[in-house]
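Sharing a structure, written as structure tokens. Questions coming.
So that you can tell them apart, the chains are marked A, B, C, D, E, F, G, H, I and J in the order they are listed, and the count of residues begins at 1 in each.
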Amino acid sequence: MSDRYEKLDQLGQQQGLPQNPDEAILERVKNPCDEQYMVRLVAPEFTSICPVTGQPDFAHLVVDYCPDEWIVESKAFKLFLGSYRNHGDFHEACTTGIGQRLVKEIAPKWLRIGGYWYPRGGIPIDVFYQFGKAPEGLWIPDQGVPPYRGRG
Amino acid sequence: MSDRYEKLDQLGQQQGLPQNPDEAILERVKNPCDEQYMVRLVAPEFTSICPVTGQPDFAHLVVDYCPDEWIVESKAFKLFLGSYRNHGDFHEACTTGIGQRLVKEIAPKWLRIGGYWYPRGGIPIDVFYQFGKAPEGLWIPDQGVPPYRGRG
Amino acid sequence: MSDRYEKLDQLGQQQGLPQNPDEAILERVKNPCDEQYMVRLVAPEFTSICPVTGQPDFAHLVVDYCPDEWIVESKAFKLFLGSYRNHGDFHEACTTGIGQRLVKEIAPKWLRIGGYWYPRGGIPIDVFYQFGKAPEGLWIPDQGVPPYRGRG
Amino acid sequence: MSDRYEKLDQLGQQQGLPQNPDEAILERVKNPCDEQYMVRLVAPEFTSICPVTGQPDFAHLVVDYCPDEWIVESKAFKLFLGSYRNHGDFHEACTTGIGQRLVKEIAPKWLRIGGYWYPRGGIPIDVFYQFGKAPEGLWIPDQGVPPYRGRG
Amino acid sequence: MSDRYEKLDQLGQQQGLPQNPDEAILERVKNPCDEQYMVRLVAPEFTSICPVTGQPDFAHLVVDYCPDEWIVESKAFKLFLGSYRNHGDFHEACTTGIGQRLVKEIAPKWLRIGGYWYPRGGIPIDVFYQFGKAPEGLWIPDQGVPPYRGRG
Amino acid sequence: MSDRYEKLDQLGQQQGLPQNPDEAILERVKNPCDEQYMVRLVAPEFTSICPVTGQPDFAHLVVDYCPDEWIVESKAFKLFLGSYRNHGDFHEACTTGIGQRLVKEIAPKWLRIGGYWYPRGGIPIDVFYQFGKAPEGLWIPDQGVPPYRGRG
Amino acid sequence: MSDRYEKLDQLGQQQGLPQNPDEAILERVKNPCDEQYMVRLVAPEFTSICPVTGQPDFAHLVVDYCPDEWIVESKAFKLFLGSYRNHGDFHEACTTGIGQRLVKEIAPKWLRIGGYWYPRGGIPIDVFYQFGKAPEGLWIPDQGVPPYRGRG
Amino acid sequence: MSDRYEKLDQLGQQQGLPQNPDEAILERVKNPCDEQYMVRLVAPEFTSICPVTGQPDFAHLVVDYCPDEWIVESKAFKLFLGSYRNHGDFHEACTTGIGQRLVKEIAPKWLRIGGYWYPRGGIPIDVFYQFGKAPEGLWIPDQGVPPYRGRG
Amino acid sequence: MSDRYEKLDQLGQQQGLPQNPDEAILERVKNPCDEQYMVRLVAPEFTSICPVTGQPDFAHLVVDYCPDEWIVESKAFKLFLGSYRNHGDFHEACTTGIGQRLVKEIAPKWLRIGGYWYPRGGIPIDVFYQFGKAPEGLWIPDQGVPPYRGRG
Amino acid sequence: MSDRYEKLDQLGQQQGLPQNPDEAILERVKNPCDEQYMVRLVAPEFTSICPVTGQPDFAHLVVDYCPDEWIVESKAFKLFLGSYRNHGDFHEACTTGIGQRLVKEIAPKWLRIGGYWYPRGGIPIDVFYQFGKAPEGLWIPDQGVPPYRGRG
């Protein structure tokens, strides 16, 4: 078996994750394409803390944007999302906050984020935020997340 | 417009529903077939009250049985289920209780009930109860209710 | 336009359908294969009359059988099912009756019928009838009809 | 086992639910985001009473809105919906009434509600109500509730 | 068992159904909401007779409309559809005829009907009819009926 | 068994199918409705021959049109499609050719055809052709054929 | 553009397909594995001729087998299936005939074939044939083809 | 707006969650039914830490058990699962560990747990653990979680 | 067995694939239709190399275009895509690069490409590129690829 | 932007992948659980080379096993699968070969592998291999991969 497992005992803590969104660094990469196009990032594993009850909340997030000078580096994006793991805030604030932070870091021509939250008390909340106006001719497919159905 | 709507004002209350399961009458019909077979009843509209919080609970119920002398009358069955509307009990007790009551009233050769409950606190509970041993040669398809998935 | 539409006016009545199940003739064809196998017939368009209310009932039917000397002729089968169009009976009686009639006419080694009825009063009834014992080595897949779900 | 179950006997009643929509209090929370966005609430567990027959009705509800100064508090929203449990009214009136009450309480820039009702007599009714004109640039995905299919 | 089943023998005929569309009475109810909205009715159980062959035809119908002074009474609507049970006409004529009759009876601001017919000879026909122009701001979701796929 | 099977031996050839598209006669029926509407025909069983390899090709076809004076007769349409069974041509040519032939025969106000071809070499081709401009107010739903997915 | 398209005009005929099943050669390949396992072949593009009407029939076929000395060569299998293109026979005979021919050519330890036919007259027929007894320990998943559903 | 939101600032931390699985208390409730049945709990929101990389892992968990003297209290179960939020271990160890802990606390007659993990590096791992032998006559449906599919 | 397998030993290498995108030749065919239409190509089997880690990446690609003088030859298109098998580049660069190369070779009136990538680190990236402006009256259906969901 | 992208130019080759299956090292981890259970690994991204044509083949693989002393290390498993990228062999040989190699390296109590291959020439091949006999009481869910369907 490979050496890299010898130190497993001292791991087991989330040293790889930033402690909160403010500490997370959202790296970017130079846009490799000189024509207009759209990028979609899907994060089916988002989790934060309910500010009222202290219980964990879960969401499925979808981000769409049209890059200008930069694209987001996907591993950094993942770590940024991971920084919400022990951070408490409302569904509406988490979702729009992630969208606003991305806008600040990569200055896209246009961006939107859909936050599809797991039900609490039987009623899920979805949040839809959009920045700027989509450039003419940009192709923007549906995010296509099915609505919550309950059982049956 | 027809006359039968003139008294709508005095309606608006659930006069058609028994007040609780004990008051409900589970009528039966003479089994019209002299060979062995199986009947499935699906109730996607079941609701009762949580005994801890007083909040409503919801479930999707599926009943399978092999009749002997009687079959259940479907409208009476619907009213019996409706009698749980303001009745408080645990998921486990409601589901097994409905199965046991049916067994008492129609004395089937075999019966089972699946209770698929809506999530509370993010974790749904399903309850599966079975009475007797299925007669040899009885055909019993899966109930086929998909598991709860969350969002995404 | 072709000649065969000139008499449309005198059509418009169901002259092609037997008046009731007793009048329907269930023709059969000589089994073209000398080895054991199974046949499935699906009738997604079945309709009969409710004996209590006189309203139409609807069902999706699936028949499975293992032929001996005969197979059912599919057009005759369709007309036989059509003969229930103005016939009133319970779900349980219609479903098992169709199965029993088929057994009488084609004398299969084994047969089953699943009747998946549309909801009345919010609660659908499914009926499952089986004749004889499936021969060893016969391959019998699930009928795979999804359970009723309600809305959402 | 925890103390909080000792009083279960005296529970079993819906003390947590307002007796009717007029008694329900629809609390609101200060909008935590200063940019335009949309919120979706899904209630797969709505139930009211048919004003004609006194039987329970069931619906799957989806509310979309663009907040101005306020967002709806989700637990209060749930209790408001629960207040329809023993209230009798038409599908059209319940659905548009919920939408109009929300408009009055949180004064959104725009709001719509889709009510997807369970079939009665084989024919479900869906109701779609919309308040105001959606602000330019607001992102409004389909509600995406699949149409009723019957069996098969 | 309840008294109401004692006369089952003399039932068994469709006394509840009008003999043809002309005899059916399409009752209406006063529109209970004073704002603009849309209603959807789904009839997964429609059947008529082929005028050429006399064989039964089946369709899944979806009606959308924006009420003005009236809404359609749902049980009357169901009986009206049932009156096509022994009536022969083309797919195109049945579908548009139902739409035109509704327009005449309830005088909606706008109405459309989609008729999704079961395949005959391997090729299904769908018919889409629309009356009037949808009022500005009316919310009209897709009917969302999946296309016919064949097997596999 | 009925007489009509006595000549089965001499059958077994496609005498019912035209030898090629040019020989096929596309009959039409007088449009039975005096208002504007749309018709959809689905042919999940189309097959032609690859002009390069001589191997069979398969497609799922969907035709939408708005009739003027005529509607297409559905059995004739089926035979016309069947005439491609031994005809060789490219996917693009077959699909647009069928559309153009329909336009010539029934002179619709507007027509489109989607050809969804089975994969050859792992990559399916879909072809979308449209004739004329859709009349204002015509209702045109998605064809809704899901994209090819591969396995998994 | 490549030379190989210059002769397209003289193609357009199905020279690559055997004229009928008897002329087709079902080549085989030496079994490359010395342990017991199962192979599944899926043919979603099968077509033959109805012996009664001369019209084309369509089916989705699934073959499962446990090889002994040989496996079937997949291109030869495809050509063998293609040889049914102008061959007329009943659904039951085509399906079991393909299974029996495979048994003769590759002498498997065990084999089964499921034939899922497109609906004619509204009622599809599925045929299930099995040869031999499955060796102990052989893993045989469901064929999992969904049942025909009609519309809606 | 209600008073209970005034202290939101001092919340925002997960005070409600046990720090790790050992600190979590798995409360139980007296089994309310005296006959044999099965309970299913679904947790679509499970998350732990990868012991090698420190990154979060996600899973969808399904627990099935046959109670003896006790049933698990669902809120305590949820908190127990929440205690894995900052705990690092392998997929195999987390899944089997949860199953073993449940066995220790509620001493069921039989129990199983399925752990369906999100993909890391493109390859998801599912873990299936079972305790004891299912009592004769216990009804145990499939967990029915679909396999991972990738895109397309 | 056929001769063409005798040299299998010396195969086993990808002699059929161009070494990289620059070496691939994208052949074209004269557009066989003189009217405006759209073509869709789906490649569910695309794979390239991650430029950072050297690990393989996978994508599901969908190309839509409106031909002018030329259509793309589908086998050449497949080989062109295959040339990315050992080529390393970002998701954004591969997707837009394929689109730009197609534009250069077949000079379409309009073209778009959707790249739906398999998740790396839990977060998939989708890329949407579009060339030119779609001609008026061109029919362009959704690409309809469902969003990534994770497990459950 | 981080330093780790500065050397991108010299990457772009698959240095991380073993050149063929024989060079790949299948590392293992000590089994962390002392009770019997089952592990499932899903590889939706497998690709190899066709030994006849040199073209790439694609498959979706699912491995199930019951560990004894060892579990497979998932990253090593991924690299092992990646080593087939430029390796040519039949579907049957690749699938059973992967199963046999796993058996040799981790000596499980029982193992099976399902290989679900993408269609070539319209007909996909699935391969199912199983090693040993499943221990009594081991829980083994369906792999549940849907069959290939074609289009429509």
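Quick note on the criterion: contacts are C-beta pairs under 8 Å (C-beta built on N, C-alpha and C of every residue); 3 or more make two chains touch, one makes a residue touch a chain.
Predicted, not measured: the structure shown is a model, and the values here were computed from it.
**Q** Can you give the rotation angle that fits subunit E onto its twin subunit H by Cα atoms, in degrees and rounded to the nearest 5?
**A** 180
**Q** Just to confirm, which listed pair, F-G, F-J or B-H, duplicates the contacts seen in H-J for more than half of them?
**A** B-H
**Q** Interface check for copies subunit F and subunit G. Shared numbers divided by all numbers used: above half gives same, below half gives different; which is it?
**A** Counting which numbers both chains contribute, over half are shared, so the two copies meet through the same residues.
**Q** Counting only Cα atoms for the centres, state how far subunit A is from subunit B in Å.
**A** Roughly 42 Å, centre to centre.
**Q** Roughly how many whole angstrom separate the Cα centroids of subunit B and subunit D?
**A** A distance of 25 Å separates the two centres.
**Q** In angstrom, rounded to a whole number, how far apart do the mean CA points of subunit G and subunit J lie?
**A** One centre to the other, that is 28 Å.
**Q** For subunit H, jot down the residues that touch at least 2 other chains.
**A** Only 5, 29, 44-45, 55, 58, 60, 89, 118-122, 124, 142-143, 145, 148-150, 152 qualify.
**Q** For the complex, give me every residue of subunit G touching subunit J.
**A** Residues 29, 31-33, 35-45, 60, 62, 67, 71, 74-75, 77-78, 81, 137-145.
**Q** Give the list of subunit F residues in touch with subunit G in this complex.
**A** 4-5, 8, 11-17, 44-45, 47, 49, 51-56, 58, 82, 85-89, 118
**Q** Tell me, which parts of subunit B touch subunit A in their complex?
**A** Going through subunit B, the ones touching subunit A are 44, 58-60, 116-122, 124, 145, 148, 150-152.
**Q** What part of subunit B is in contact with subunit H in the complex they form?
**A** It comes out as residues 89-90, 92-93, 95-97, 100, 112, 114, 119-131, 133, 142-143, 145-150.
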